[in-house]
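Shared chain: subunit A. Partners: subunit B in the first complex, subunit C in the second.
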Partner chain A sequence: MLIRYITRRTLIGFIQLFCLVIAVFFLIRLLPADPVSRLVGLNSSADAYEQAARQLGLDRPLLQQLGIYVGLFPDIEAGLFQGSLGVSWVTGSPVGSEIAVFLPVTLQLITIAFILAFFVSIPVGMLGALNPGKAADKGVFVYSLFAGSQPEFWWGLLFVYVFYFQLGWAPAPLGQLSPMTLPPESVTGFMLIDTLIAGEVGKFFEASHHLMMPVITLAFILSGPIIKMVRQNMLRALQSDFILYANLIGLPRKRVARYALRAAMGPSMTLIGILYGFMLSGAVLVESVFSLGGIGQYAIRSVLAFDYPAIQGVVLVITAISLIVYLLLDLIHAAIDPRIAY
Partner chain B sequence: MKTMISTVAAALCTLTVAGTATAQGILILAEDVPAGLNYDGPAAAIPSSQQGMVTLLEPLVGYADGETVDGVILPDFSTFEGRLAENWDFDEESLTWTFNLREGVSGCGGATFDADDVMYTFQRAKSVSGAAPIGWFLSNVASIHGFGPEVFGDDPAAKELGDSIVKIDDYTVQIRQAEPNALLLPVLTIFGLLIFDKEIMEANATEADPWSHDYVNNTGAPGFGGYCLESWAKSEQITYSAFPDYYRGAPDATRVSVRRVPQSSNRLVVLRSGQADIVTGLTPREFNSIADVDGLTVAGVTGNENLFIHMNFDVEPFDNIKLREAIAHAIPFEQIIATGYFGEATQWQGLVPSTYPGFTPATGFSYDPDMARTLLAEAGYADGAGLEAFADAFALSYVSEKESTLGPIVNVIQTALRDVGIPATLDPIPQTQYGDRQLVKRDLPFAVNDQEKPIGVDAGYAIQLFFVSPENGGLNNMVNYRNAELDAMWAEARIDPDSASRDATLATIQDMLAADVAWLPIVEYRTQWAFSNDVSGLKWYPDNSIRYSDLKISE
Partner chain C sequence: MSSEIKDDLLEETAYVSPVRKADWLMRVGVFIVALVVVLAIFGPYIGPYDPTRTTIRIAFPPPGLTEIPGLLLDWISGKLDYPPHWMGTDANGYDIYSRVIAAPRTDLKIALLANILSLIVGVFFGLLAGYWRNWGTEFLIRVSDVLQSFPVFIMAMVLVALAGRSSTNIIIALALVYTPIYIRLTRAEVLSQTSRGFVEAARAMGNSELSIALRHVLPNSLTPALIQSSVTIGFAILLTAGLSFVGAGVRPPTPEWGLMISTGANQIVLGEWWPSVFPGLAISLTVFGFAVLGNALERRYEKG
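Let's turn to the complex of A and B:
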């Protein structure tokens, strides 16, 4: 049953992706800008401009361009059906290999930040819910208000100023490793894993140190809405009939809290899943502040340069990951909530 | 537990310190690192990519050093000196330049420089096989024979060098021009005709890519520069190591790492902490904030960066010369210099960079609001009455990505124009949209522009670029200025072999442009860098890229 559900969702996902490819292909071409002028610079001649447009294939009919991108004309250029996302108009590198470099940076950052935010938010949210109106609850309210009310780049810059420039506890916001450190050979693209695979423990600690501030910044921001959601759902669960009954029959407070938490986790997991998908590109400001070349930075650069293949590639990959996250979310829901069955 | 925490903290602190600059190695923080190293490739128009090209490759010709201003050495544009070409002569009759190449020059790959490398470079440019044909474009601008639009046709013979560029022997090359044109030597100094190492380029060619564009886009640019590429992670970092056998002497900085730090405030803070040696791309406010900081130097030159107002002749009411003059007198130049540039700019009295050969100062642009009101009345819009019909035309466009620099300036301009009755509004638009409307559609009615730096160092080149009508060879006539008399004068000056007569014509053209307010020049602002006091020897080049081999590093 479960396998059938996953198969069905995967097939629907492919259809969604295909529709998205078509929509994005046409939408970015409707935007009022011209990638060729960026390519040749503003001091070039009409001949040079036309040659550049030819090189990009923009002189071909629109439907043929779409066909090439999808992979219907492999003799002209490999396309999606051949496993190619095209070649960047900014760097001349294959978009797939560029995304393979940038994506792990973001995945590593947001995954660790989410884990940290999760383990901070659950007990803090529970604390507020179990002590409504008391000092702890007010403290939780103030924390979540602070964390959720300011943009992440502001906190990032503030943290850089305080913890790097003033206190010297954090490293300079210069990326995943110090500029003079040679990175390990890229195997997975995840710096922490690659340093361990290479057996370079010193670089692992260095990468962890560099990751500390961006992770804390992002976790701080993310924990705001998660805490609020956990607290609200816990309060609702604590007032539900089965919890009132559990209290009535004298079950231990800890066990009752555990039951309430399980009931509260469903909506909270939904929020976390949506936030994770959003943060794939939404972490761009934190990436920018800490000079981490992540997928968000890549997306912004591609949009500003009107690098059509890169924009299409980023949208496709982020959507695919989001679909996978949502599928996993549904499976987790089923595991948490016995009423859900597939 | 406390002990463990302090041990880990100490280890991490050690790691941080270990990441700072080493002796004779320098760390530069920039907005970006090269996206490609191919001047005929997709990244050619990006300044950070050009910085990578000039670090690894050498030109045939350069400019001699001129005066030193504010610690920065300026080029002497009137004196060319050899780089990979040792010397040259020109035969006026046959329009042929004979370049005697430098012997004993080697590159990072171990190959020796000779005429084959020059031939390869021009042949590659003429192949127009890259994403952007910059090498062809520059050769065309310099009237090198055979580098016309015919290369874009289907005839493979049109892509051959033929007898236009000829190898005489291993160290002699001849280049023939199709007509007299003073731009050949200036063009040979530009990044778009730097010389490749033929051996390595050919070793990395493939059947599908015979001119090694993929290799230069993504792996390296083999040449004869002062630095060799050590590592390169796009959008992250590029590291060069000094080439000890560099023909102009081993560079002082043995290793140069350029790190991408997108936030200018972070570049500033890391420089202040002492962990970086040079930073580029700060805002005028940020440069100003560290001007008096001990241990740091902020240096700048008035080179070729400027700000002007663009008024489109094809859009009403900017076709009204009195209105253009009224706007010219409504601009508070000194206030813009103080507010936007913290004094690091001067009023631009002309329409080509004042440092370029052939520049002629122009008069008539002064802040005089009463005069502006009078001119506005003469234009038929007393106190601005009637201008409300042109609300769209008075939307002052500027590049939104430059908000931190241009924001204060456009606000000053808007306020000043409104003071005299001109209903200006602000219209920030993205860079790509701005570029499209400026270059392709040429429909921006009213705009502020601070990004025009003619790469050819010559007043004539700047005039052809911006003011000659497109049908007569104008390249980027963004304001649709059309003046048949000017076009005819330029057509003569372009092929005038007498430099005195050519300069006189260019001066007349500049006077005409000023009289028509073809552009409204506002300021020439200083190109600035901030660096630690351990660094010196900085030189300015018209492409605004640093040559790391110029730098001197003190312990």
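Let's turn to the complex of A and C:
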């Protein structure tokens, strides 16, 4: 049953991705941008212009371009079916391998930020839910509304000013390591793991130090919606019959709260999944404040340079990961909640 | 953050609010929103400087709190030869105060128009898909689903950067991002309304399907979308500012909060905090105001 469910979801996912690829492909090309003149310069001769257009394959009919991108003409150029995301027009290297460099940075950043936000939000959300209507609850409620509606890039800058310029606790916002440090050999692409593999504990701590501010910034913004939903789901769970029963038979308050929390976790997981998928591209502003060089910054670079294959690649990869995360979370949800059957 | 996620969250978690009758929070929201609206109308005229003209004073720090009264006195008695820069000037010499209060004209206009556009289109298609259920409208919903699975910020950036950095293009890009939310909201409401008795009654009275849809179902299905508007406007302001921050928004020297923060971003590591901090404060309060207002309206609606 479970296998069938996973197969069905994966199949639907592929169809969704396929529609997305086509939609993005045409959307980009319908917009009135001229990538060729962006590449060769506005004052180039007509000859040079045509040559560049031919090199990029832009002189071919639109449908043939799509066919090549999808991989129907492997003799001209490898496409999606051959596992290739195309070649970047700006750097000339394969988009797939470029994304493989930028993506782990973002994954590392948002995963740690989520873990932090999650562990801060659960007690705070519970505090609100266990004291409904009291001052603590009001405070929690207003905080969650506030944190969830903030410009994260501005908070990042503010933290840089306070913790780097004024207090000197944080390093300059210049990347994952300080510019003078030689990065360790890239094995997984995750800086924290790579430094450990290379056995360089000093660099591990340096990387952690550099990650501190961006993680705190993101976790602050994320804590808004997460607290809101932990509080909400807790309140709902606390009103359910089995909690009333647990209270009636005189179980200790702490134990009842723990039961309620477990019941509240299920629906919260789904929403965290949605948030995670969103943060893959939503972390872009924080990445650029701290110059981390994540997938979002790669997206900015590609968009501003009109690098079509790179734009398509980024959108495709981010959406694919979100879909995988949704699937995983649904499976976890089913494992937690025995009422769900496939 | 984008509103798409927020909507999902809001939808999943119907509000049980701790803030009851004496709704001070809503008053705060109304006050902030009203102030921003007033500034959007009069802001560009009441600042002491032209928001798009530089002055000769570069990166001039704002007066300290203790200096303000003296400065005010000097200014009124005409001892100063130029109006004081209450929030300092930035690295190009623009007066920050004049730009901060002129910016709502840009930000609110973009957010408001984008919201109205997506509201109209979204409600139209939502009504269509909710009231007439066939393969055509089913396809429409699928398209809107695919549109919604786009990474929001990157999509908005692509649309604006490739179509040209103008306010109109930002409005269209934001509208495209927010339309699926309204389609979904309206469709859900239409579905629940059509199962009610008054639709049957209207049909029994001999009304045509079109007139039932437009005169009976539509007015009853608008509320969730209208409430959502307050939240959407807030997040549209955030998105507009974010786009400017990465260089895919309005062009300088348009007074726009995100652009102002971006101008000051390079100086903040050197200790020049004022070019970024004041416009950021404005965004922070504005979006919070819209979020609070939307939340309060939602609670009212749920109470009935």
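Descriptive notes on the structure:
In this section, the second predicted complex is superposed on the first by the 335 of 342 C-alpha atoms of A that agree within 3 Å, B and C clash if a C-alpha of one lies under 4 Å from a C-alpha of the other, contacts with A are read in each partner's own complex, and residues count from 1 in each chain.
As a convention for this text, contacts are C-beta pairs under 8 Å (C-beta built on N, C-alpha and C of every residue); 3 or more make two chains touch, one makes a residue touch a chain.
Quick caveat, the model's predicted, so the values are computed rather than measured.
Overlap between subunit B and subunit C is detected when the two structures are superposed via subunit A.
Legend: residue contacts after superposition of the two complexes on their common chain; A:Q64 is shown touching neither subunit B nor subunit C. When both complexes are overlaid on chain A, the residue A:N247 reaches neither subunit B nor subunit C.
In the superposition on chain A, contact is made by A:Y161 with both subunit B and subunit C.
In the superposed pair of complexes, A:S288 makes contact with subunit B and with subunit C alike.
In the superposition on chain A, A:L304 contacts both subunit B and subunit C. In the overlay built on the shared chain, the residue A:P173 is in contact with subunit B and with subunit C.
Within the superposed three-chain model, A:T7 lies out of touch with both subunit B and subunit C [touch as defined at top]. When both complexes are overlaid on chain A, the residue A:Q82 reaches neither subunit B nor subunit C. Only one segment of subunit B in 349-357, 403-411 or 511-519 runs into subunit C in the superposed model, and that segment is 403-411. When both complexes are aligned on chain A by C-alpha atoms, subunit A residues 31-33, 157, 160-161, 164-165, 172-173, 288-289, 304, 306 touch subunit B in the first and subunit C in the second. Residues 8-9, 11-13, 15-16, 18-22, 25, 27, 29, 35-36, 38, 41-46, 128, 130-134, 136-137, 140, 149, 152, 213-214, 217-218, 231, 233-237, 257, 259-263, 265-266, 269-270, 272-273, 275, 401, 430-433, 435-440, 451-452, 454-455, 465, 470, 475-476 of subunit B touch subunit A in their complex. If you check the complex, the residues on subunit C that touch subunit A are 1-2, 4-6, 8-9, 12-20, 25, 142, 145-147, 149-155, 157-159, 161-164, 234-235, 238, 241-242, 245-248, 258, 261, 264-265, 268-271, 273, 276-277, 280, 283-284, 287-288, 290-292, 295. By the touch criterion stated above, subunit A contacts subunit B in their complex at residues 31-52, 55-56, 88-93, 98, 101-102, 157, 160-161, 164-165, 168-169, 171-175, 177-183, 202, 205-206, 209, 288-289, 291, 293, 297-298, 301, 304-306. For subunit A in complex with subunit C, the residues that touch the partner chain are 16, 19-20, 23-24, 27-28, 31-33, 128, 132-134, 137-138, 141-142, 145-146, 148-155, 157-158, 160-161, 164-165, 172-173, 221, 225, 228-229, 232-233, 235-236, 267, 270-271, 274-275, 278, 280-282, 284-285, 288-289, 296, 299-300, 303-304, 306, 311, 314-315, 318-319, 322-323.
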